[in-house]
Structures are given as structure tokens and as C-alpha cells.
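These notes open a run of structures that come right after.
You will see subunit A twice below: alongside subunit B first, and alongside subunit C after that.
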Partner chain A sequence: MIRYILNGLPIGAIYALVALSYSFIYAASGVLNWSQGDMVMLGAYIGFTVYQILNLGFVPAFFISMLAVAIVGIGIQRFILRPLRKSNAPAINVTIATLGASIIIRNLALMIWGPDAQLFPFPVSNKPISMGSLSITPQDILIVLIGILLMIIFQYFLKKSKEGKALRAVAQDRYAAVLMGIDTEQSDRSAFGLSAAIGAVAGILIAPIFFVTFNMGAGIGLKGFVSAVVGGLGSVPGSIAGGFFIGIVESVAGGKISSGYRDAITYTLLILVLWLRPTGLFLKKRKQKV
Partner chain B sequence: MNKNKKIYLLIILVLLLTLPLFVSNLYYLHIINLVGIYTLVTIGLNILSGYTGQTSMGQAGFFAVGTYVTSLMMMNFDLPFFLALLIGVILTSIFGLIISIPAMKLSGPYLVLATVGFGEIVRLVLLNWTPVTKGAAGLTGIPFPEIFGLQIKTEKQFYYFIIIFVILGIYIAGRIAKSKIGRTFSAIREDDLAAEAMGVNVAGYKTAAFVISAMFAGLAGGLFGTFSGVTSPDSFTFDDSISFLCMSVIGGNKTIIGAVVGAFVLTVLSEALRVFQGTRLIIYGFILIFTVIYMPNGLVGIIENLKSKILMKKENKSME
Partner chain C sequence: MLEIKGISASYGATEVLHEVSLKIEKNKITTLIGGNGAGKSTTLNCIMGIVKATKGSIILDGKDITKLRTPEIVKLGISLIPEGRHIFPNMTVMENLEMGAYSRKDSKAELKNDIDSILDFFPILKTRYKQLAGTMSGGEQQMLAIGRSLMGNPQVILMDEPSMGLAPIVVEEVFNIIDKIQGMGKTILLVEQNATLALNYADYGYVIELGNIALEGTGKELLSNPEVEKAYLGL
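And now, the complex of A and B:
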């Protein structure tokens, strides 16, 4: 049992990052970006290109990938969210438009990098280190560490920086924030850009676990979204907890019950959580105001 | 209904019934038949999302249940098509009833994700329950329907077969929309708390909307299985649910006719774009984005805007 929990940690850290990116956009701008999973895919491909093809090194791969994907995220805010806000379109239109963006990004990636899965090994060993009956690879340790590091930096940014404070204000009460002179257009932009960059890191981290493919975004995006909702959509600590929780549940369900039904178990759990605790497992219940 | 409207309806009906005489290309007829099946799914979705304000991104799940149950009833128990279809529709409705239990309390992204989860669970069960569903390989040799000893098997026969269901579906959905139930659905969409305060049984009506949408998807699924002859879990993915949602929103989800327009335009568009091969889906994505930004109420919304503009002009003239 402990073995499966340990195995669930690296994927859990990745889910946590993706969950964070969904939650962050939802909290700051009140919408969902359905192309968030494709930011993960794009991050993995750009990281792969910088590290494996251009040979510019492992650390630069992270920064270049984050920057490039952030620009794509801001582009989505600028060319999709902004016009939709201006025309007062219903929320479902944002969903369809970002799904449209997801289709475009996925197929552009297919044109650029081709249909074959790419291998993206990390510069650390993939040999398991044994501790009694348990074992973990240095690669997994690195994935979890980078994930946690990014979460800490992100939390620090939200709490301490001026931009972070503005974002939290908008998340709490968009209308009041406007009255206080906060530029909500700017906060939309920061939310989309930062979330995309977080997604990019998740993409690089997942690359050595799975192969990099043009359609990897849909699956990881959904799992990240599920994690966010199970943990508490819109909350940073809730999303992180949700990510690790789903990662561990998947690992245990896949190992102990059935690998074929693994995802079905995750989704059943999701529906149960939504039914019994719609605000997520790790948040206090809130009542709807009239 | 005024006289003009009756004449228009008659013309449309005659056109629909004589359509196969003009369309000799079997491929085109095949696409039109698919449009008919997708129209039924989209009608259900419009009642759920356009009328009641509940979004489903798992409609492919209901569609799949309808397809598999109807097909398996015919294959394993030698049931006639109509009986198999009835069982398929009833079972799909039961699924709609079950999913409405958690869905009743949910809205926005939570409801969306719950329906996504439902759709994925159905697909994964179809994929893994191999003894019954044949797993990833899917079902082959689904029998053709038979009415009064006549087997429906050519594209033309299927056209008439499907069009009857579509016309009936539009008629029934139209009746529901105009009835007290339809108006209550709209009241719930506009403000469910206010509706509740006025004494509306919101939970009951939300459940009804889910069951109706599931019935339409199940009916469409039953037709889809026998029409295709083969089926596999690949036809019922998250992407298929999204595509149904796009049909509903792009056609215009606040009217029944919007479902017909949406199913027609998107199915024909995605076929027509095949000439672009690799860039096909990229263009498709751009069209989706463009439509929801510049036509926020769908294609039918645009037509209605134009209509009211023309009417206003006429009125202005008569006033002068």
C-alpha cells in the first residue's frame, strides 16, 4: 500500500500543478480555460526541443518553455477572452472558444513535431533506489521537488508581491477590485500567462514519465481539472492537495484494483465528491447567496 | 399557427420527403443521415442547456448507452429493432435519472465536470467490459431494422427511416418547449432560486430535463448503431461530447430549430473541410472561436436579429 502511495507522488505533483493552473484562472477571471491541458503539451514539446534538439541545457529548457507558453496563454486571453467579455457572451461561449483554441494548438503541434511520440529523458538516473521494500527513482524525487518548489514560489508571489495582491483582490471580489482601481484586464492577462507557465513546467515534468505526444494535453488537462475540483476549485492549497490526492488514488486504484478501470474509479470518486461535498474535499462548505 | 407558417412547413416537408430524388450521391446521403442522428442528440442537449440552463459535456455517454443497449438487444436476444430501441431509450433515461441526482445540486464548472466524468465512465466501461461489449474492437454485424418484413439497409431507405424520427423528435420537443414544462425550464434557467421561491419544484424539473435529454441521445444512439452496422468506444469520446455541445451552441441552443441548424452546419463543415487535410481541424477551431465571439447567440440568433431589424424597418415605414 505504501509502495503505491509513494508511486503516486510524482504524478500527484504534476496533477497539483495543472490543478493550480485551472484554479488560478478560475479564481482570478471567473472562467475556465479548456486549452490548459494543451499548455502542458506545448510546454513538454518546447522543453524537449530546447533540451534534446537545440542542446541548450536542462535548466534553460524550463525557462524558455515557461516564457513561450506564457505568451500563448496571454494570446488566448487577448484574442479570445477579451472579445468575449466585450460582447457579454455567456460562459458556455468561453468554454467553446477555448476548446477551439485547444483544437488549433493540438493540430499545430502535430504539424510541427509530427505524430510520433518523443522520448524526453531527464539528466538524472532512472534507476530505483531501494529502501527496504520501498523504492523510488532519483528522477521521481526531482519531479516532486521541482513541483513543490514551484508551488512555494507561486504562493510567495501571491502573498507578497503587488501583482499577487491585486490578483487575490480580484479573485475575492471582481467588482470591488474594479472600484479600488485595479485593472482587471491586467489581472486576466497575468492569470492566463502565469497559469500557462505553470502548465509548461507540468509538461516538462510529465515528459519522462509518459512520452511527449501532440494529444497528451486532453488527458492530463482533464485529470488536472478533476484534481482542482476534488480539492477545491479556486483555492491554491485545495488544488495542490487535490492533485496529490488524485495522483495517489490513481496509483492505488491502478495497482490494487484494476488498471483498465483506474480512470473510471477516479471519475466515480469525482462524481461522489461533487455530490456530497461540492466545494471540494479540503475546503469549508459555503452557502450560495441570493 | 398562421397560414403563412403552415405553407412554409408544408414546403419544407415536401422538400425533405423528395430530397433523395435530388441527391443521387450516396456519400452525401450518408452525411445527411448522420446529420439527422446528430440533430436528435442536439435537440436533447438544447432542452437541457438552452432551456433549462444546465450544461452537459458528457452527452456522448448517453449516446453510447443507447447505441450499445439497442445493438446488443438485437444481436444477443434477436429482438426486433423497435423493441430493442425502446429498451435502449428506457435504459438511457434511467442513466439520465441517475446522473441528475448529483447534477441537481451542481452548476457551472462543477456540473460540466460531473457530466464529463459520466461520459468518461461510460466509455471506460465499454472499453473494459469485454465479455459483453467486446472491448476496444467493439460490436460488428449489428442487424438492420425491419418494418413489416421490409429490411432497411440502403442509404435511401435509412434516410426515410431516420427522417421520421427526426420530424417526430422536433415535433415533440417543440410541444415540450411551448408547454408549461418548457416555460418552467426557462424560469429555472433565468434564476433557479427565484423559481424555487415561486414554488417551482426545481429539482424535479432539472431531473426531467436530464431524462429528456438522455432519451433523445439514447434514441439517436439506437439509430446510430443499426445505421453504422459497427460500433466501438472510439465513437463516444470526450471529443464527441464536445462536438455535440458545439452543435448546440453554434446552431443556437435556445430554440429547437437551432439544433437542426447546428447539427447540419457542423457535420457538413467538418466533412467539407476534408479537402484541407492536415489543416482541416485548425480551420475548424478558428471557425468555432469566430462563431462564438461574433455570433454569441448562435446562427439562429443571427437570423432572428435580422428578422427583427427588417420588422422594425417595416414598422417605421408604415408609421410614416
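And now, the complex of A and C:
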């Protein structure tokens, strides 16, 4: 059992990042952004290009990928969200427009990188280290560490920095935030840019586990979204917990039952949560945002 | 100080303010009274640039601010304490006060200093500065909303229904505070449904009906005006 829980941590950390990116953008801008999964795909491809093709090194791959994908996220805010907001479009229109953006991005990726799956290994060993009956690879340890480090930095930014606090204020009461002199145009931009950058890191982290393909965003995006809903959509800590929870459940279900049932179990869990506890498993009664 | 010259405003195709004019004198309490849906809150949101005026102009110290965006208006020193308080529920009292100073460029030490003096001014907030604002009572939240506004160091404070939903004894406390804030040299535009109370504290008052200014005068004049008595004082 402990073995499966341990094995679920790396994918759990990745789900947690994607869930966090959905929740944060939803809380801070009110938009359910369906192109979030494609930010993960772009992050993986750009990281792959910088590291494997341009040979610029592993650490630069992270930063260049985060920056490039953040620009794409800000572009979505600028060219999709902003015009729709100006014309007072209902939220559902904005959500559908992000779905459109997702299809465009996916097909652009197909044009740039082609239909073949790419392999993106990490510069650390993939050989398991054994501790008694348990074993874990250095690569998995690195994935979990980077994921957790990013979550800690992000929480610190939200709690301590002036801009982070402003984003929390917008998430809690957009009208009051405007009255404080917070520019909501700017906070939307930050929400889209930061969420995209977090997605990009998830993309690089998932790359050595799965192949990098132009349509990988659909699967990981949906799993991240399910994690966010299970943990509490709109809550950053809830979504992180949700991501680890789904990752571990999948690993345990795959090991103890059958890996063929893994997705079925995940989505059954989603339906149960929506039915019995729609605010998410990890939220207290009072709805807590960001 | 703040002059509103013939502003009109619409929600969609419906015009809700019809060439409303108000003069808000420096260091005075001016009140705008009227029934539900008369256009009181819309007037305040127009001043803040949240609702755009379709006609007329808003002048602050000789400067036309009608077309400015809200963040710029806040920087110029106008602050709105909204109806229903709108404190940030999942932030501490301290963080709420910090948000009030968002548009200021002053040093951390200066802001810390101001937070301390706000906490001295509102002893109830001092004992709870680490508490989440959403867990406080309505009266405490109203004090916090006022304190948060003061943190922005505004010259003009617009207050929308500060007495709403509060127990009579708390309402009295809130109005005493409004009085003290005037004493600090602030200019106040007070919107209230509780007309008697507002007129008792106000230097000058306007009565708004269906988006038009129907009457104006000093607080005393309006209190003794038979029309006002009949319509708003509930006698």
C-alpha cells in the first residue's frame, strides 16, 4: 500500500500544479480557462526544444518555457478575455472562447512540432533506489521536489507580496478590490500569465513520465480540472490537496485493482464528490478562495 | 472641492440619473438622501468611475475626473465605503487595512505607522487584527471598512448606507466616528436611507427622487421641511 502511495506522489504533484492553475485563474479572474491543459503541452514542448534541440541546459529550459508560456497566457487574456469583457459577454461565452483557443493552440503545436510523440528524459537517473521493500527513482524525487517548491513559492507570493495580496483581494471581492484602486485589467493579466507559467512547469515535469504530444493537454488538463473540483475549485490549498489525492488514488487503484480501471475510478470519484460534497473534499464549510 | 455638474447615467437603455448636480464642500458632511432605487448608489459609483456618466462632468479641485479610470480616481484621494461593507472576508483585519493603502506609494514604515494609528482609533479592531474579517460582526466589519478607507489617506470619503443592517447602538457609534473623521479634516458625502440621522449630522443635504435632485438645503432646513418630513422622516 505504502508503495503505491509513494508511486502516486510524482503524478500527484503534477496534477496538483495543473489543478492549482485552474483554480487560481478561476478565483482571480472568474474564468474557467479550458486552454490550461494546452499550457502544459506548450510548456513540455518548449522545454523539450530548449533542452533537447537547442541544448541550452535543463534549468534554462524551465525558465524559458515558463516565460514563453506566460506570454501565451497573457495573449489569451489580451485577445480573448478583454474584448469579451468589454462587450459584457456572459461567463459561458468566455469559457467557450477559451475552448476555441485550446483547439487553435493544439493545432499550431501540431504544425510546429509534428504528429510524432517526443521523448524528454531528465538529466538524472531513472534507476530506482531501494529502501527495504520501497523504491523510488531520483527522477521521481526531483519531480516531487520541484512541484512542491513551486507551490511553496506561489503560496508565499500570494500571502506576502503586495501584488499577491491584491490578487487574493480581487478573488474575494472584485468590486471592493476596484475600490482599493486595484487595476482589474492588470490582475486578469497576472492571473493568466502566472497560471500559464505554472502549467508550463507541470508540462516539463510530466514530460519524462509520458510522451510529449500535441494533444496531451486534453488528458492532463481534464485530470487537473477533476483534481481541482475534487479538492475545491477556486481554492489554492484545496486544489493542491486534490491533485495529490487523485494522483495517489490512481496509483493505488492501478496497483490494487487494475490500471485499466484507473480513469473509471477517478471519474467515479468526481461524480461522487459533485453529488455529495460539491464544494470539494478539503474545504471547510465556509467557502474559501485562494 | 468636489463638484458634480449635471451627470446622467444609464444601465443598458434605461437612464437612471438625470442631470444630477451636487456640490460637496471641503471639510463638510454633505448628505444625499432618498428612497430605494432613487439613484444614490449610482451617483457614488459614477464619481468613482465604476459607472460611466453619459452626460455632465465631475470636478475635483478644479480637475475634470469624469473620464478617469477608477484606480486613478482612488489615487487622487476619493474613497468609497460601499453599501454592505465589502470587506475581504478571508483576509485578516491587518491585511484588509493594508489593501486600503494599495494605491499609496509611501514607505513600509509610514504605512505601519498609519495602521497603528487606525488601530488606536478603532480599539475593537486592535484586539482582532489577526482575525479573519469575515468572522467579525456587522458593526466590526463596518468599522473595518471605514478604517480600510482611511488607510488610503483620502481627501473625500463617500459612504454608502453605513447604518444598513446595524443595531441602533452600533449605528450611533458609526455616526460618532463619521463626526470624528470630519474633525480630521476629511470631506464626506454620506448616502443614507435613514434620513433623520443623516440630516442631523449633515451640514448640507440633497434629496434625490427617481434620478433627479428634488430638494436641497442645510441639514436643519431639510429636517423641518414638511415635504421631507412626509416622505422620508416617517412622521
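Quick note on the criterion: the second predicted complex is superposed on the first by the 285 of 290 C-alpha atoms of A that agree within 3 Å, B and C clash if a C-alpha of one lies under 4 Å from a C-alpha of the other, contacts with A are read in each partner's own complex, and residues count from 1 in each chain.
We take it that a residue touches a chain if its C-beta (ideal position, glycine included) is under 8 Å from a C-beta of that chain, and two chains touch if they have at least 3 such contacts.
What you see is a predicted model, and the numbers here were worked out from it, not measured in a lab.
Under the clash rule set out above, the superposition-derived model of subunit A with subunit B and subunit C shows the two partners fitting side by side.
Once the two structures are superposed, subunit B and subunit C can be ranked by residues of subunit A touched, with B on top. By the document's definition of touching, of the two partners only subunit B reaches A:I80; subunit C does not.
Angle at subunit A between subunit B and subunit C, computed from CA centres in the superposed arrangement: 90 degrees, to the nearest 10. In the superposed model, A:Q172 lies in contact with subunit C only, and not with subunit B. Of the two partner chains placed by the overlay, only subunit B lies in contact with A:P278; subunit C stays clear of it. By the touch criterion defined above, A:P115 reaches neither subunit B nor subunit C. Of the two partner chains placed by superposition, only subunit B is touched by A:N93; subunit C is not.
By the document's definition of touching, of the two partners only subunit C reaches A:D183; subunit B does not. Legend: residue contacts after superposition of the two complexes on their common chain; A:Y26 is shown touching subunit B, with no touch to subunit C. When the two structures are aligned on their common chain, the gap between the nearest CA atoms of subunit B and subunit C comes to 15 Å. Overlap of the subunit B and subunit C interfaces on subunit A comprises residues 288, 290. Those residues of subunit A that touch subunit C in the shared complex are 162, 165-166, 168-169, 172-173, 175-183, 286, 288-290. Against subunit A, in their complex, subunit B makes its touches with residues 49, 55, 101-102, 105-106, 108-110, 112-114, 116-118, 120-121, 124-125, 127-128, 193, 238-239, 242, 245-246, 249-250, 253, 278-279, 281-282, 284-289, 292-294, 296.
Residues of subunit A that touch subunit B in their complex: 26, 32, 80, 83-84, 87-93, 95-97, 99-104, 106-108, 110-111, 218, 222, 225-226, 229, 233, 258, 260-261, 263-264, 267-268, 270-272, 274-275, 278, 288, 290.
Across the complex, subunit A is touched by residues 48, 50, 69-71, 74-75, 79-80, 82, 86-91, 95, 98-100, 102-103, 134, 148, 152 of subunit C.
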